[in-house]
Amino acid sequence: MGNNQIDTARDSEAVRVEEGGAALNNGGLPESSDMYNITVRNCDLYYGDFQALKSVSIDIEEREVTALIGPSGCGKSTFIKTLNRMNDLVEGCRITGEILIGGRDIYAKSTDVTLLRKNAGMVFQKPNPFPMSIYDNIAFAPRTFGIKKKIELDVIVESSLKHAGLWLEVKDRLKKNAMGLSGGQQQRLCIARALAADPKILLMDEPTSALDPISTGRIEELINELKTEYTIVIVTHNMQQATRISDKTAFFLLGEIIEYGTTESIFSMPKDKRTENYITGRFG
Amino acid sequence: MKARAHRKEIRKYSVLKVVAQTALGLTLVALCAVTLFVLARGIPHVNTQLLFGDYGMYPSIKPALIGTLYLIVISILIAAPIGIGSAVFLTEYTRSNSRLTRTIRIATETLAGIPSIVYGIFGYLVFVVALGFKYSLIGGGITLAIMILPVVVRSTEESLLAVPRILREGSFALGSSKVRTIFSVVLPCASSGIVTSLILAVGRVMSESAVLILTIGMVVNKIPEGFASPGTSLALDVYYFGSHGYPEQAAATGVVLLVLVVSINILATVLGKALGRGELVDG
Amino acid sequence: MMIKAYRYIKARDAVMRGIFLFCAVFAVLALGCICVFLFAEGLPFIGKVGVSNFFGTKWHLDSGAYGILSMIVASLYVTGLSTLIGIAIGLFTAICLYKFCPAKAVNPIRQLITLLAGIPSVIYGLFGMIVIVPFLRDNISSNGVGYGILAASLVLSVMILPTIVSISLDALNSVPRSYYEGALALGATSEQSVFKVMLPAAKSGILAAVVLSIGRAIGETMAVIMVIGGSPAMPGSLFQSVRTMTANIAMGATELSGDAATALVSTGVVLFCFTLLLNTSISLLKGGFKRESKSA
C-alpha cells in the first residue's frame, strides 16, 4: 500500500512547518488516532423561517456505511451538509443543538472549518471536477494544506487514484483536463480528490444519481472497499442501493428521523408504518 | 366585406415586413459605407512615412502609435486589478442586496453613463490643474482607466457568475479557504471571459479620443519621452489631421486605427472561444 | 498532519476581503471625486457670471458673455433627430433579424453589427466629414452649407444603430415564443403576430435601447465636432454651422484659459446633469421592468 508512504511524507512536512514556528492546532478536532464517530443531539436547522431539520438525533458509528433515505425535500441532504458545515455557505441558515465528531462539537467557536472539511470529505450529487488537469484536481487539497513538493504530491495522487479505482484508466493522461472524463470517471475522480485530503469521514450526497447503472455499480463496489477505512454517510434515493451498501439506515421524513437502525432491520421489519410505506414504494 | 377588411389588414402588415427588410439593408449599407469609404480614401495614403517616418514636412503617426501604447498599458494596468477585484467582491462576498452593494452597483452604472468628454474635464481638473502634471499620458491613462472600469467590472462579473456553484462548493468541501477558492477555482474558471473583456477594454482605450483632448495635450509631432510627457493617440490624430487640413492622412490614420480595433475585437472573440474550450464544458 | 495555522488563513481571508472591498468601493470614490471636482469648479462660475448670462443666448468671450443656451438647443436637436432616425431604422432592423430574414444569415449579420459597434467614434466623424458633409452641401442643402444639425444627426444615427439593434433584438428574443405561437393559433399571420404581440411585449427592453442611445448621442463629442461646424449660434436651420455642448468643450479645450476654460467646465456640469437625469430614468425603467416581469 502506498498509504504508509503518504503518512511518512506528511509527517515530515508537519515537522518542517512546526520548525517554522507556525502554530498548529487541529481546529478542535480529534487527533487522527481518535475516534471518528458522529453524534448528533437535538439538531434543529432553519432556512430563514423554514425549519428544515426538527430535533434530529443520531449516532453514526465509525467505519460503517450509514445510508440516509427519504422522499425529496425531507432534509437528508440538508443534514449531511451540516456534518461538514457546508450549510454555512447558505444565507439565513441557523443551527441549534449539538453535532459532535469524535466527541468534539464541530460548531464550537474554536473549530477550524477548513480542517473539519478536510477531515470530512464530501462527494456531490453531480460530479464537479475542477476544469483543470486530473493531477491538479487530486493535488488540490494537499496543496491547500501546504504540500508543495512534487514527489510528495505524486505519491498522494497515485495512491488516491488507486484507492478510487481510477488509476489504471487515467495514469497515462494525468495532465489532461478532467472535464474530458466520462461521468462515472468524473465522480470517481471526485472521490479520489476527497481521499487525497486524507479524510476520516466521507459524506456522499446521492453520488450515483447522475450516473448510468454500470458506473453506479463501480461506485458501490468502491464504497464497500472504502468502508474498512472511512466512516461513510451516504444520501440515496435508491432503496436497493441502500440495502446493497449500507450497514445502518436512517429514514427521514419532513425534517425528522422517523426510524434509525441496522439496514437489515429497517428493510425487513420496519417499526414505523411510515417507514414501511416508503420502502415499499407507497409514497416518495 | 369582412373578408376584404381582413385582407387589407394582412397586406398592411406585409408592407411593414418589407419596411423591416429595407431597414436591415439600410443598416448594413450605412455601417459598411462608413468603413469602406474610410478604407477607400485612406489605404492609398498608408505609407512608411506616415507610419514610421519622423514628423517633419509630412505628418507621421509614430508618436501616436507610441502614445496609444502608453495609454493602453497605463489604463489596463490600473483598470484590470481594480475591476476584477470589484467584480470578485460583488459576486463572491456580498450575499444579498445590502446597501453597500447597491451603492457600488449604482455608482458603477452611473460611471458607465458619463460621457467621455466629462471624464476629460475631470482628468483636466485633477491631473492637469490640481496635481500639476500638465498635459501627460499618465493623467490621460488614469482617466481612461476610470472610464473603462465599469466595462471591466460588468463583464468580469458575468464571467464569475457563469462559474457553476458546485465548483465553489467542491473547493470549500475540500477545506479550502475563501481566498484559495477564489484564486484557484473561480478566477481560473472565469479566465477566458476575463481575458476577453480586457481585450475589449483595450479596444475601447484605442477608440477613445474625447477624454484625451483635455488630458494628454494632442502633441502630434513629438515622440513621448515617458509616462509624464504629453502625447497623442491614433484616434486623436484622426481628428487632428481631419480638422487641420489633412483629410488624406486622417483617412489613412483611420485605416490603421480601424484595422487595429477590428483585429482586437476579432482576437477577443477567437481567444474567448479558444480559452473557453476545455473549460466548463461537460465532457 | 501538517496544517497552516487557522488564524493565518483567517487573517489572510480578512485582508483579501478588505482589498476586494476597496476595489469595489473605488467606483464610488471615483464617482464622488468626479462630482466634487466638476461642481466645485463649475457651479461657482455660473453664480459668478450670473445664471441669466450663463443660460443666455450670447457666447462672446471678449465681452464676458458665456451664454450656452444655443448649445443646449443644438445638443437637444442633434440628440432628438439622431435618436429618431436611429430608432426607426434600428428597431425595424431588429424586427427583420428577429423573424423576417433567413435564419442562417442572422448570426453572421449580428456578429458583423457587433464588430461594427466597436468602430471608434472618430471614424464616424471622419466619414461624416469626407462623405456626408460634401454630399449634403452639393445635393441637398439649399444654402451651400453641409455642416450642421442634419449632418451630425445622420452621423450619430449610424453610430448608435448597432446599440439599438442589439438591445432591441435581445428584448424581442426574451419574449416567450409561446406568445408568437399563441397569436398564430388565433389565425394571425406571422407579420401580425410579430408587430401586434411580440413588439408590445418587448417594449420595456426597447425603451431601454431608446434611453441608452439618447445618452450616447447627447454625450458624443468627436463624431459631432467634425461635422457640426462650430459657430456658437442659435440653430435656425438644419444646414447651419452650430455648436453642441460637447463641441463647445472640446473645441475650446486646447485653446482657452482662465474664465473661458472655467466656462467649459460649467458647460460640462450642465451636460453631466443631463446624463445623470438619463441614468436615473434608466434605473427607474429597469425597476419598472423588474416589477412587471415579477407580476407576470
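To keep things simple, chains are lettered A, B and C as they appear, and every chain counts its residues starting from 1.
Everything below uses one rule, namely that a residue touches a chain if its C-beta (ideal position, glycine included) is under 8 Å from a C-beta of that chain, and two chains touch if they have at least 3 such contacts.
None of these values were measured; they are calculated from a predicted model.
> Using each chain's Cα centroid, which is most distant from the centroid of chain B?
Greatest centre separation from chain B goes to chain A.
> Tell me which of A-B and A-C has more C-beta pairs in contact.
The greater number of contacts lies at A-B.
> Which chain, with its centre taken as the mean C-alpha position, is closest to the global C-alpha centre?
B
> How many angstrom between the C-alpha centroids of chain C and chain B?
Once rounded, the distance between the two centres reads 15 Å.
> Based only on mean CA positions, could you tell me how far chain A sits from chain B in angstrom?
Taking the average C-alpha coordinate of chain A and of chain B, the gap between them is 46 Å.
> For chain A versus chain C, what separation do you get between their C-alpha means, in angstrom?
From the centre of chain A to the centre of chain C is 54 Å.
> For chain C, write out the residues touching at least two other chains, lowest number first.
9 - these are the residues of chain C that touch more than one other chain.
> Which residues of chain B are in contact with two or more other chains?
In chain B, 177 touch at least two other chains.
> What residues in chain A touch two or more of the other chains?
114-115, 145
> In the complex of these two chains, what residues of chain C are touching chain A?
Per the touch definition, chain C meets chain A at residues 1-9.
> So in the complex, which bits of chain A are touching chain B?
It is residues 84, 86, 89, 91, 114-118, 121-122, 124, 126, 128-132, 140-141, 144-145, 177-182, 186, 190, 193-194, 197 of chain A that touch chain B.
> For the complex, give me every residue of chain B touching chain A.
95-96, 164, 166-177, 180, 184-185, 188-189, 278-283
> List the residues on chain B that touch chain C in their complex, please.
Of all residues in chain B, those touching chain C are 9-10, 13-14, 16-17, 19-24, 26-28, 30-35, 37-38, 41, 81-86, 88-90, 92-93, 103-104, 106-111, 113-122, 124-126, 130, 146, 149-150, 153, 177-179, 182, 200, 203, 206-210, 213-214, 217-218, 235-236, 238-239, 242-243, 247, 250-251, 254, 257-258, 261-262, 265-266, 269.
> Across the complex, what residues on chain A touch chain C?
Against chain C, the touching part of chain A is residues 10-11, 13-14, 16-18, 22-27, 32, 112, 114-115, 145-147, 198.
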